[in-house]
Amino acid sequence: MFHHSSKLQYTVRVDKPDPQFAKLLQQAIGGIEGEIRVAMQYFFQAMGARGDDRIRNILMSTATEELSHIEFLGHAVALNLEGAPVTAQEEAAKDPVVHAILGGANPRHLLSSGLSAMPVNANGVPFDMSHVYATGNIGADMMANVTAEAGGRVLASRLYNWTEDSGMKDMLSFLIARDTMHQQQWLAILEDMGGLKASLPVPNATPQSHEATEHSYYYLNTHLDQDAPEGRWSSGPSLDGRGEFSVKAQPEPLGQVPSLGKAKPNSGAQKEQI
Amino acid sequence: MFHHSSKLQYTVRVDKPDPQFAKLLQQAIGGIEGEIRVAMQYFFQAMGARGDDRIRNILMSTATEELSHIEFLGHAVALNLEGAPVTAQEEAAKDPVVHAILGGANPRHLLSSGLSAMPVNANGVPFDMSHVYATGNIGADMMANVTAEAGGRVLASRLYNWTEDSGMKDMLSFLIARDTMHQQQWLAILEDMGGLKASLPVPNATPQSHEATEHSYYYLNTHLDQDAPEGRWSSGPSLDGRGEFSVKAQPEPLGQVPSLGKAKPNSGAQKEQI
Amino acid sequence: MFHHSSKLQYTVRVDKPDPQFAKLLQQAIGGIEGEIRVAMQYFFQAMGARGDDRIRNILMSTATEELSHIEFLGHAVALNLEGAPVTAQEEAAKDPVVHAILGGANPRHLLSSGLSAMPVNANGVPFDMSHVYATGNIGADMMANVTAEAGGRVLASRLYNWTEDSGMKDMLSFLIARDTMHQQQWLAILEDMGGLKASLPVPNATPQSHEATEHSYYYLNTHLDQDAPEGRWSSGPSLDGRGEFSVKAQPEPLGQVPSLGKAKPNSGAQKEQI
Amino acid sequence: MFHHSSKLQYTVRVDKPDPQFAKLLQQAIGGIEGEIRVAMQYFFQAMGARGDDRIRNILMSTATEELSHIEFLGHAVALNLEGAPVTAQEEAAKDPVVHAILGGANPRHLLSSGLSAMPVNANGVPFDMSHVYATGNIGADMMANVTAEAGGRVLASRLYNWTEDSGMKDMLSFLIARDTMHQQQWLAILEDMGGLKASLPVPNATPQSHEATEHSYYYLNTHLDQDAPEGRWSSGPSLDGRGEFSVKAQPEPLGQVPSLGKAKPNSGAQKEQI
Amino acid sequence: MFHHSSKLQYTVRVDKPDPQFAKLLQQAIGGIEGEIRVAMQYFFQAMGARGDDRIRNILMSTATEELSHIEFLGHAVALNLEGAPVTAQEEAAKDPVVHAILGGANPRHLLSSGLSAMPVNANGVPFDMSHVYATGNIGADMMANVTAEAGGRVLASRLYNWTEDSGMKDMLSFLIARDTMHQQQWLAILEDMGGLKASLPVPNATPQSHEATEHSYYYLNTHLDQDAPEGRWSSGPSLDGRGEFSVKAQPEPLGQVPSLGKAKPNSGAQKEQI
Amino acid sequence: MFHHSSKLQYTVRVDKPDPQFAKLLQQAIGGIEGEIRVAMQYFFQAMGARGDDRIRNILMSTATEELSHIEFLGHAVALNLEGAPVTAQEEAAKDPVVHAILGGANPRHLLSSGLSAMPVNANGVPFDMSHVYATGNIGADMMANVTAEAGGRVLASRLYNWTEDSGMKDMLSFLIARDTMHQQQWLAILEDMGGLKASLPVPNATPQSHEATEHSYYYLNTHLDQDAPEGRWSSGPSLDGRGEFSVKAQPEPLGQVPSLGKAKPNSGAQKEQI
C-alpha cells in the first residue's frame, strides 16, 4: 500500500523559467529513458517476482522512489512554464525572441495542460506501457533495469549540459546520483545471486538439451567484404564458462528455399495464385 | 549495403500445423522480445556508433543475422497455418475441436494476412519502433542488447516448452543457441573496453562534479514497515569502486511543499482558480 | 514524496485460479477504465493544479490510493494464473477443457510475463498515457474524473457479475465501493466551488464576448427525416441560467463552398493540379 | 445514413495565413479535445445506445454536427498554410522571420499533406480511437461527453486568445458557443432521466449487495503529514443521498503481505527462483 | 456540412447472433481494411484537394457513403452480440460450447462496450489515424484509395466465406459490390486525368533534372544465388514510356564505408568513444 | 538469408550540416512514406506470397534494397547533425540563429540518440508496423506497393526542393529514381499477370454470386445540393468490363431504422435503460 507526504523528495528551483527547457525535461518524465517507465517497470516486476522475497521488496521500494522523481520533475516543468505568454496580446508574445523560443516549445503545454507537465516525451508523444519490461525472470529483469538506469543517466547528463540554470543543474545532479545507485543496486542483486557468470545465459535454468549448442558460441560475420573484427568475442573461453568463442565467416544458409505453393481457394487470393 | 540469398538461415519444419502456435510464434517476430526489435535496434545503433569502428561492424553484422531470423520465423508461422479452414463450409471448420482451436488463433491470420506471418505480437498488437533502444552511448547500448537477448531467450525457452512439434523444437533450439551467443558478444564488448566496472556508472564520461555524490551510493528504503533487506547492495564497496554502499531508511523529504499559486488570467482555467 | 508499506490495501483471495479471468481483470489495471489511468490522471492533475491548494492535496492523496489499487489487482492477476500449465507435457495442458480455457487466456501471461500482471487491457493492448486527462482547468478535470470513476464502476460491476469466485467478488465489492466514493468526491469539489451551475460552461472564465452566443443554446437537429426529440434540452432555461434552450431543425449551412484552387508548383502535386 | 451538402456549416476566413497557427489548430481536429474524437464518440455511443430511443437520436444528430466541425476546421488549417514556401529558393524561405516561423510549424504539413489538414494533434501525433469512450451505460457516457466538451471549450478558448486573426477569432467564437450547448445538452439528458442525484453512483443499477458499502463514503487521506482538507466531501450527506461522508486518515492496510513463492519449473525463470 | 437520415443505408439482419463473428466484423469497422479508414481518408483528401474541383466533390461524397457503412456494420456487431451472457449465473454461460465460443470472443464487447461495436480491429487494437493516407497529390491519393478498397474487398470476401448466416452474407454481398465500384471510381479518375501512363511516375510534375535517371529503370537483383526472374519488369519499354527496363545483378555498392569518427565530448557517450 | 557489405549503396555527402534538415529526413526513414515501411512491407509480403514464385523472389530482392536505403539515409541524418552544439556553453549555442535552428530541430536527436538517426518520422513519432500492408492477395499487395512508392517519391521530391545542399540533392535524386523504378516494377507485375483490367475487381477470384452486382457500378452522390460531376466514372463501360457505370443521386436508405431495445439486466447499464 502506498502513502504520500506533502513535500518533494528533492528541492526544485528554477531561476529563469524556460519553456523550451520544459519541453526537454518532458523526456525525463515520459520518455523511454524517463521516470514513469522505471516506476512502472519496477512496480510490475515486483508484483510478478517469484523466489527470493528480498528482491520483490527492493523492486517495490525503488518503484516508490521513482514515483517521487516524477513528482519533482513535474514541478520543474511547471516552474519552467511560469509566466509564459498565453495570449497574443501580451508584450512577451510580441517579442521576436520570445516568439522564437515559443516556436521551440511544446504547444500543448499552452493548449492542453495549462502550463504544466504531461506524461509525454520531448516530442510530445505519450508514454506507452509496452516499455514496462517485466519477464518474471530475475536475470532478464535486472538487466532491463540496468539498461533503463543507464539510459536515464545518459539523458540526465545531456540535460545537465544543456541548461545554465543553477537550480535545474542542482536537481539534475541529484538525479544523476540516484541513477548511479540504481545501476549499482540492480547489478548488486545479480552479484548476490552468484555473479553475472552464474546468471548466464539467461535463463540459466534452460536445460542444455534444449539448445543446439554447436551454434552457441560462434560469432557470425555476415559481411561479405570484411573480416570479423577481433576481440574478446572472437576467441577464448565464453563468459559463462561453458564454451569457446569462435568466428564463422561467409556463412552458408543451413535451411531450404522457402515456398508456400498455391493459395487455397476461397482464401481471398487472386485467381492467378490458386 | 544488404544482399540476400534465397535459402533460409536455418531449416524450418512443421510436422503438424497448429494455428494457435502460429499465434504464439508471432511474439518472437513482432513482440518486444522478438526479432524485428533486435534487427532494428542493432541496425540503428550501428548507424549511430561513434568511436571504435569494430563495434559498428559487429552491430551491423548481427543486425543482418537477425533479419534472417525474422525470415525463417515468418516461414514457420505460415507453415503452422497451412491448411487452416477458410470457409465455414469446410469439414474442419465444423469439427468442434478445430473450432475451439481457431477460437484461440489470431483471427487476422485468416482475415488480414491470408494465412501468413504479420509484424505483430501474440496479442496481434503491431510492433512499434519506440522499442529500438539506441542512445549513442556504447555502455547503455550494450546493456540494452543483453536485455533484448535475455528476453528473447526467455521467450524462446517458453515456446520450446509449449510445443510438441519436433520441427518447431529443432528451430527453437537454434534460436536459443544464437541468443546465448548474442548475450555473450555484447557483454564481451564491454569486457573488451575494460570490463563492466570500468564502464560504470554509465555514462562513465560524466564528470563527478555533475553528480551530487552524497546521494550516489545509498539504498533508499521507502517502506514504512520493513527494514531494508541486506545484501551486496546494502554495504561494502560499490561496484564501480568509487564509493561505499549504505542504507537510508525512513527517508525525510529534502524538498519543499510544491504550490503553483493562482492560474494566469486567460489561461483557460476556471474563475475560481484565478 | 511517496512511501510504501508492505501489506496490500485490501485482501486478495482467489479460491480457484482462472487464467481467463486473469485476462479480464487486466482491463481493470491497464484499460482506459482501469487503475493506472486514474492513478496517473490524478497525479498529473495534482502537479498542474493552480488555485485552491486543497484540490491539489486531494488529487495527490487519491492518486496514491489508486496506486494501491493497481497493487492488489496485480496480485489478483498473478493468483489467478497460479498453477497454469507452462509446458505441453503437463497433464493439465492435455485436458481439452484446460486447452479451451487457455485458448481464451492471454498468451502473453505465459510467454512474456511469467504468469503475472502486465500493464495492458483485456485485449493485451498496453495502456498509453494519452488517456491522462489533465487540462489545468478544475471544472474540466473534475468532470474527467467523474467520467473515469463511472467507467471504472461499470467495469467492476461487470467483472463482479462474470465471476463466481467469492474471493474475487469480495475484492471487486471493495473496488465498487471506492469508485462510489471517488465519483462523489470529485462532484463534491464542484459543489464546494459553488455548484455545477456556477461551473458552467467550462471554462466559466471565458468572457461572453468571445462567444457567438446566438449559437450557444440551440439544439441542432441534423436528421433530415425526424423531428428533434423533446426533452429538457429542447426548451426552457439553460442549465447555466444564461439562456433559453431552443431547437434548430433542417439547418442551412452558414459558410461557403470551400475550394483551394490550384496547387503550388513544386509542392509535390501532379501536373494536372497545378 | 449520412448525407452532405457542399457548403461549410460556418464561414472560414483567414486574414493572414500563419503556418504556426495551422499547427495549433490541429489540436482541435486530431487532439483528444478535438472534433474527430467527439464525432466518433457520439457515433459509437449512438450505435450502442439501449433504452430511450431519443438518446440514440440525439447522439447521432450531434455526431453529424461534429463531422461538420472537422470539415470547417480542416479548411481553416489549409487556408493558414496557403502560400507557405515549399522550396528553399523562394524569397520567403530566405527571410529569417519566415524561417523561424517555419521552425515552429509542423514539417509534415509541408512534407506529407501538401499544405492541408491532417488527423493529428498539435504535436503531430495521430488521433487514435481508444479515446472513443462508449460504455453502453448512459450515465457514464453522458459524463464522458460533458468531459469532452469541457476540454474542447477550454481548448477553443486558448486558441481564441492565441490568435489575432479576426477570421479565426470569429470561427472560434462559433466553436465556443457550440461547445457551450453540447455541455448543456448532455447534462440535460441526465436531468431528463431524473437528475444527477438519481444517476449516482454510476451504474445506478448495481445492487448495493454487490458493494462493500462500509467503504463507500469515506475520503481516504493517504498523506502522512497533512490532515485531510475539509469541504463538501469530508462530512455531511453524500451526493446520492445513500450515505454520510467521513474521513479516514492514516489508513492501515486491510490486506496481506503479498508473496508468490517459488517460480514453477520450466516457466522461464532463473534457477535461483525455482 | 453533413446531414443524417434515421434509416440505415442497407438492411442488417442477423439470423443467429454469434459473438465470435462480432469480433471478426470489427476488422471491417476498425481495421486498416475497414470503413473508418476509408471514410476518414477520403474526408481528409477532400479537404486538401487542389486542382479539379470535381475530385474534391467525389471524395467528400464517397467519404459520406463510408460513414454510412460504419453505421450499418456497427449495428451488425450489436445484433451479433444480442443475448450474449453477461453473468456467470446464466445457463448459457455454463454451457461448455458457449463458454468455448466466448473464449474466442472479444472480452471488451462484454466488459467495455456493453455488447456493441467499438472502433477497434479483430484483435481489439484501436484504429489510429496514421492510416489516413492523404498526400495532396491526386495520383498518390487515388492509388492509396484503390489499395484501401482492394484490401476492403479482400476482407469482405473472407468474412463472407466465414459465416453461414444468410443475413450477414446479404450485407457482405452489398459491401463487396460497393468495394467493386469504389475501386473502379478511383481508377476512373486517373483515366479521366489522362490515364495511368500519363500519371507516372507519381508525382509526374517532378522535373527529370531532379532525378538520377540512369537509376530509374533497372530492376536491382540483390540475391546472391539467383538470377532475376524474367517478366514485364526486366526488359522492354517502361510503363511511363520514358525508358527501357533492364536488370542490374550482383550490384556493387556505389557509396563509401560510413564512419562517424569520435563522439563529441559532453555528448553523453562513454569515455572510450571520445 | 541476408548478407551485408560494408559500403553504402549510394554515396552520402553533406556539404553543410543542418539539424533541421536532419529532422525532415527522418520522414524518409520512419514516416509512412519512408524506407522502413517499404522494406518491411515487401519482406512480409514475400514471406506470405503464394502462387508464382517469381513474385516472392522480386519482393524479397526489393525488400533487401530498401534496407540499404535506410542505411544511407541514416548516415545522412547523422552527417546533418555533425557538430551540433550539445552544451549551453558552446559558442554556437549562444548564437541566436543557431538557437532558432535548434528550436526547429528534433530535441531527441540531442537527448536520446546522441546525434544520429532514429526510427521516427519528422514529428518524432515512432514508426509502427501496422503500416505493413500484406494481404496475401497479389493484386491488393501490388497496389499497396505502388501507393507506397508514389508516396515515397512525393516525399523525396519535396525534400529535394527544400534543401540547397548539393550532396543531399544528389542523394535524393537517386531516391527519386529508384522510386520511379519501384512504381514501375509493381505495376509491371500486374501487367505480367494479365493487366490491370484482368486483376479487377480485387480479389478477382470472388465469385460474382457473392456480390450484389446491382450495386457494383453506380456512383453514389450523397450531396444534397450538387449534381454528381461527370467523368469517366459516371457513364460508359466499367474498367473491369463487367458492367456499365451510372449515377445514383439523392439515394434513399435501403435499410431499417436501427434500435437495440432495452439493455439486459446486469449488463452494467443504468436502471433507466433496462
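By letter and in written order, the chains are A, B, C, D, E and F; residue numbering begins at 1 in each of them.
Just so it is clear, a residue touches a chain if its C-beta (ideal position, glycine included) is under 8 Å from a C-beta of that chain, and two chains touch if they have at least 3 such contacts.
Nothing here was measured: the structure is a model prediction, and the numbers come from that model.
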Chain pair showing more contacts of the two, A-D and E-F: E-F
Chain whose Cα centroid lies at the greatest distance from that of chain A: E
Option in B-E, D-E or B-D whose residue-number contact pairs overlap C-F by over half: B-D
Length of the line joining the C-alpha centres of chain C and chain D, rounded to whole Å: 11
Length of the line joining the C-alpha centres of chain B and chain F, rounded to whole Å: 26
Chain E, residues touching no fewer than two other chains: 1-9, 32-33, 47-48, 50, 53, 57, 60-61, 64-65, 68, 71, 75, 78, 86-87, 100, 103-104, 112, 114-116, 120, 123-126, 128, 130, 135-137, 139, 154-155, 157-158, 161, 202-203, 206, 222-224, 226, 251, 253, 255, 258, 260, 263, 266-269
Interface residues, chain F side, partner chain A - complex: 1-7, 47-53, 56, 86-89, 96, 99-100, 102-104, 106-108, 110-112, 114, 120, 123-126, 135-139, 193-194, 199, 202-205
Chain F residues within the chain E interface of the complex: 3, 5-12, 32-33, 53-54, 57-58, 60-62, 64-65, 68, 71-72, 75, 78, 82-83, 86-87, 114-116, 125, 128, 130-131, 133, 135, 137, 139-140, 143-144, 146-147, 149-151, 153-154, 157, 160, 169-170, 172-174, 176-181, 183-185, 187-189, 191-192, 196, 200-203, 206, 210-224, 226, 228-229, 231-233, 238-240, 245, 251, 253-258, 260, 263-264, 266-269
Contact footprint of chain D on chain F as seen in their complex: 20, 23-24, 27, 31-33, 97, 100-101, 103-104, 121-125, 154-155, 158-159, 161-164, 222-226, 251, 253, 255, 258-263, 265-274
Partner chain C, residues of chain A touching it in the complex: 1-9, 30, 36, 40, 43-44, 47-48, 50, 57, 60-61, 63-65, 67-68, 70-71, 74-75, 78, 112-120, 126-130, 132, 134-137
Chain E to chain A touching residues, read off their complex: 154-155, 157-158, 161, 266-268
